[in-house]
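Sharing a structure with you now.
Labels for the chains are A, B, C and D, by order of writing; each one numbers its residues from 1.
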C-alpha cells in the first residue's frame, strides 16, 4: 500500500510542479497589465507545457534516446530494447514546440514595438483608454 | 506526371500554398505588382485541386494519404474525407473571391506592404488547409500556429489601433493553442498515439479516466477561443474592426470556421458522439453557450454604428448557430451547422466586401452616414448587400433560411424548444439591424440634415468589375445554395454525420 | 530519472517565474526569465531530453533573452503598474484550472510505467506504438544513432517542414509589421479632390 | 375525390413565373412608361389565361402537379393546382388585371414617384400569391409566403413618408415574426409526420399527437397564418398599412396578402390538421372564439373611424374572420361559405378600395365627413360603392349575401347558434358603418365640388366592372368560373378525407 502510494507520488509529482508553473504563467498572461510582463508570462506558460511532455516521456533507468556506440553493431542484428531508452517522440514534438514558441514571441515583440511607437505606453488599461479616444472611433450610438 | 498529381492531391494544397508563400518575397521583391498575381493564381490552382478532391471523395470515398510512406501511427497521415474536403473547398473558394476583390483594395490601403501582406495571406490559408486536412493531432498544432501567426500580422497591418487588437488576440490565441497542446499531451499519455483514427480506436479502453475528460475539456476550450465562442469571443470585435479591409473580409469567413471544424473533428471523430453528448454534458454546455452567443452578438450588433464592427458582432452570433448545431449533437442539427459553415462563409465575405466597397468609394463604412445616394451611386453593391442581409435574416429561398430550418428541426429532435425561441429572437434582431441599413439606403432621408445639401443628382459611381464581381458572385452563391441545398446536403453533408449520432 | 535533482530544479523554476513576473524593473525580470529558461533546459537534460535541452538553451534562453533585452531598450524599463486590484474572479479561474489539471493527472500512468499505453509496444486496439517503434527501428531505418533526429527528419519529417514554415511566417509577419508605412485611407484620391472642390465652392 | 387525381403539367409553374419574368422587363423599360405598363397588363392577362386553363381540370377533381426541384432533402419545391388552389389563383389573377388598369390611372393621376419599383414589386407579389395558391407542401408554401412578405414591403412604404415608414416597420415586425412561427410549426409537423404535403382531410394520418402538443402546434400555425389573416389580436398592422397607395391597399389588403392569410387558415384547418383532428382536440373552438371576437370588435372599431380607408381596413379585418369562422365550423356548408366569401369579399372590397382611391385622386379627400354630396359628382363611382356596401352588409342580391347564407347554413349544420348570432349582428354593424356613407354621398349637399366630375376613365371602368361582378355573382354564383361548384367540391374533399 505504502509502496504503491509512494510510486504514485514519484510517478506524478513532476506533473504537479508543472501545473503550478502553468498557473503562474497563465496568471502573468491574464492579470499583468504591462505587455512585456504578459509576454514573460507567456514564455513561462509555453515552457511548462514543454516540461509536461518531457516529464511524461522519461522512464526509470531509461537513457537518452541515442543508441550507444558499443551497441551500434548489435543494433543491426538485434532491435534495441524499448525499456532501455526514453521515448523519443515527445522530444521531437517539443523541439518543434520550442521553435513555434519562439516564433510566437518574435511576432509578439514586433507587435509590442509597433504598439509602443503609436501609443508610447505598454500598459493595457492605458492602451484601451487611448484606443477608444481615437477620433475616428465613434463606433456605437 | 498527371497520375503523380492525382495521387498526391491531398497534400498538394498546403504545398502549393507554401511554395507560393516562399516565392512571393523572392519574385516580387523587385516588382511589387507581381505579388497579387502569384497569390491569386496559386489560389485558383488550389481551388481546382479542392474541387477535384471533393469529386474524388464523393466518387471513391475517403482518402488516407501517408506522408513519407509510414503507416499511420508511425508517420503522419492526411485524411481527405467528406468533411475535410468540403471545408477546404469552402475556405479556398471564399478566399479566392476575396483575393480577387483585394487587388485594388490592398494596392490602395497598403501600397508598400503588398509583398509581405500577400505572402501572409497565403500562409494563413496554408495553415487553415493544413489544419483541416491533417489526421495527426500534433501536426494540427503546427498548422494552427502557422495560421495564427499570419493572422496576427494580417490584423496588425490595419488602422492605428490594430496592433493592440492583434496583441490581445495573440495572448488569447497562444492560450488557446497551448490548451490544445496540453490536451493533446494528456491524450497522448493515456493512449500513446497522436493519430486521430488510432486515438479513436484506443480511447474506448481508457475512456473512463479523468485524464481523457480533462484532455477533452482543454481541447474544446482551446478551440472555443479560436472560434470565438461566447464567452471567449473577446478578441474578435476589435480584431475585425481595426484590421485592413481585406484582412477582415478573408478572416471572418474562414478563421472561425476552422476553429469550429477542429472542435467538431475532435469531439465527434476522436472522442466519439456517445462520450461527448451522453457520458458528459459537454454538448449541452456548448449549446447553451452558443444560445447566449446568438442573443448577445445580435443585440450588440444593433448598437454598432461602424459596419465592420456590426458585422464582427454578428459573427459572434452566427458562430453561435454553428456551435448550437454542434451542441445539439443530432444529425439534423449537425447538417444545419455544416450548411451554416458554408452559408456564413459566403454571407460574411459578401457583407465585408460590401463594407470594403463603401470604404473604397465613400471613404467610410459608417452606418449612420449612409443615405439613399449610396444606392444611386452603387446599385449593384447594394443589391448584393440586400441579398446577403435577407439571407442573414433567414428568408427563403436564400440559404440562410435553410440552415436555420435544419437547426430548428435538430432542436425539435432534442425537444429543445427554447433554442427555437432563441433562433427566432435572433432572426428578428438580425432583421432590425439589417433593415435599418436597407431603410436608410433605399429611402429618401426623412429629415434633411442641415448643412448637408440634398444630393439631387448623384451619378452612378460603382466600384470596378474586379471588386464588384466577387461581391456579386458571393451574393448569387447564397441564392444558389438556398435553392440547391438538398443537393448539397444529400451529395456531401449527409456523409459527414459521425458514427453513433 | 533523478527525483531529487528534478525537485530542486522545479522549486528553482517556480521561484524564478514568480520573481520574473513580479519585479518592477523589467530588465531584472528579463534576466530572471533567462535564468528560468536555462534551468528549464537543465531540467530537460535531467529528464533525458538532451536535444530539447540544447535547443531550449540556445533558442529559448539565448535568442529570446536577447530579444527581450532589445525590446526593453526600445520601449521602457519600468513596468508602471499601479497596485492592481485583487481580481477574485481571475484567481478563481486559475484555481479551477489548476484543480482540473491535477484531477486529470491523477489517472495518468506513473511516469516510466512500461505497461502504460504510452510505452507498450502495441496498443489495446492492436496498432503499434509510434514511440516504441522509433526506438526499435530508428537505427535500422535510417542508420543514425540519435532516434530524435531520425524521428524529426524522417518519421515525422512533415512536422519539421511546417516548423520551418512557422519560422518563415514569423519572419514575414515581423517584416510586415515593422515597415514604417501605415494603412492608407481608402478613399479614391480623385473622389477626394472632387469633394474638397465641392466644399470650397 | 378523396385524394385528387394528379397529372403532370407545367402550367402551374408558368402561372407563377409569368409575372416574375415580367419583373426584369419592367425594370428594363423604366424609361418608357407605356411599354412598362404594357408588360404588366400582358403578364396579368397571360397569368389569368393560364390559371383559367386549369379550371376544367379542377372542376373534374384533377390536380395539375409540377415538381420543380428538391428544395429540402426529401421535399420538393412542388406546385400542385388542386381545386382549392385554382379557386384562389383565379380570384387573385383575375383581380390583378383590374388592379393593373386602375393602378396605371392612379399612379399617373397622383403622380407617384418610383413607379417602376411599384410595378415591379406588384408583379413579384402576384407571383408569390399564385405560388401560395399552388404550393403542394408547407415548405413551398413558406417560401412563397415569405417572398410575398418582402415584396409587399416596398409597396407599403411606397410614399416614404414617416407614417409610411413606420407602417412598413410594423408590417415587417408582424409578418416576419409570423413567418418564424410558421417555420417552427412546419418543422414540428415534419418532426412528427415526416411529410409536409398538403392533403385534403389532414396530413397527420395515423400520427399520434399529445393533446397539449396539438394545441401548441395549432397555436403556432395560427400565429403564422393569423397575422396575414388579420385575426385579432394580430391584426393591428393592417390599418396602419393603409398608408400605402390605394391600389396597393386594394389588391394586397383586400385580395393578395390578407386572402393569402385566410387561404392559409383553410389550408391549415382542412389540409394539415383536418376536420377530425380539429374536432378531437377542440381546436375548432379556439378558432371560432377568436374569429367571433374579431368580427364583432373589428366592426365596432370600424364604426368609429372617420378615415375612409381605415374604416374599410377594419371592415376587412372583420370580414376575413367570416372566412375563418366558416372554416372553424367544420361543416360542408361552412367551408363552402368561407371559400365563397374569399372570392366574393374580394370583388366587393376591391370595389370599395377603388372608390376610396378614386375619391382621393379626384378630390383629395380621405375622410368620411368630407364626402357630403359627392355622389352627385361621381355617380358611377358612388353607385359602385353602394353595391359593395349592400353586399358587405349581406343583403341580396349582391354576392355577399350568398356567402353569408352558406355560412349561416354551416352554423345551423354544426348545430351551433352562436356563430349565427354573430353573423346577424355583424351584418347590422356593417350596415351601420357603410350606409351613412352612401346616405351623405347622395343626399347631403356638398361643398367645393363645383366643376368636378368623375375620376379618370382608367379608374372608373375597373370600379364599375368589379361592382357589376359583385352583382352578377350575387344573382348567379356559378357564373363564369363556377366558384360555387368548386367550393362545394373542395369542402366535400376536406370532409371526405377526414
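Points worth noting:
Basically, a residue touches a chain if its C-beta (ideal position, glycine included) is under 8 Å from a C-beta of that chain, and two chains touch if they have at least 3 such contacts.
The model shown is predicted, which means the values in this text are computed figures rather than measured ones.
Under the contact definition stated at the top, the chains bordering both chain A and chain C are B. Of all chains, the one whose CA centroid is most distant from that of chain A is D. Comparing chain C-alpha centroids with the centroid of the full set of protein C-alpha atoms picks out B as the closest.
With each centre defined as the average position of its C-alpha atoms, the distance from chain B to chain C rounds to 27 Å.
If each chain is reduced to the centroid of its CA atoms, chain A and chain D end up 70 Å from each other.
The residues of chain A that reach two or more other chains are 22, 26, 56, 89-90, 93, 96, 100, 103-104, 107, 111-112, 114, listed in rising order. Shown for chain C are the residues in touch with two or more other chains, namely 101, 105-106, 108-109, 118-119, 130-131, 134, 156, 159, 163, 166, 169-170, 173, 177. Touching of two or more other chains is recorded for residues 138, 142, 145, 149, 152-153, 156, 159-160, 163, 182, 188-189, 194 of chain B. Chains touching one another form the pairs A-B, A-C, B-C, B-D.
Remark: chain D residues 69-75, 77, 142-143, 146-147, 149-150, 154, 157, 160, 162, 165, 168-169, 172-173, 176-177, 179-180, 183-184, 187-188, 190-191 touch chain B in the complex.
Remark: chain B residues 18, 21-22, 25, 67-68, 70, 72-76, 105, 108-113, 116-117, 119-120, 123, 126-127, 130, 138-139, 142-143, 145-146, 149-150, 152-153, 156-160, 162-163, 182, 186, 188-195, 198, 201-202, 205-206, 209-215, 217, 244-245, 356, 359-363, 461 touch chain C in the complex.
Of all residues in chain B, only 138, 141-142, 145, 148-149, 152-153, 156, 159-161, 163-164, 166-167, 170-171, 174-175, 178, 181-182, 185, 188-189, 194, 238, 241, 303-306, 309, 366, 368 touch chain A in the complex they form. Only residues 100-101, 103-109, 116-120, 123-131, 133-134, 154-159, 162-163, 165-166, 168-170, 172-173, 175-177, 179, 181-188, 191-192 of chain C touch chain B when the two sit together in their complex. Interface residues of chain C, counted against chain A in their complex, comprise 1, 3, 6-7, 10, 13-14, 17-18, 20-21, 26, 29-30, 33, 36-37, 40, 43-44, 47-52, 55-56, 59-60, 63-64, 67-68, 70-72, 74-76, 79-81, 84, 87, 90, 93-94, 97-98, 101-102, 105-106, 108-114, 118-119, 121, 130-132, 134-140, 145-148, 150-152, 156, 159-160, 163, 166-167, 169-171, 173-174, 177-178.
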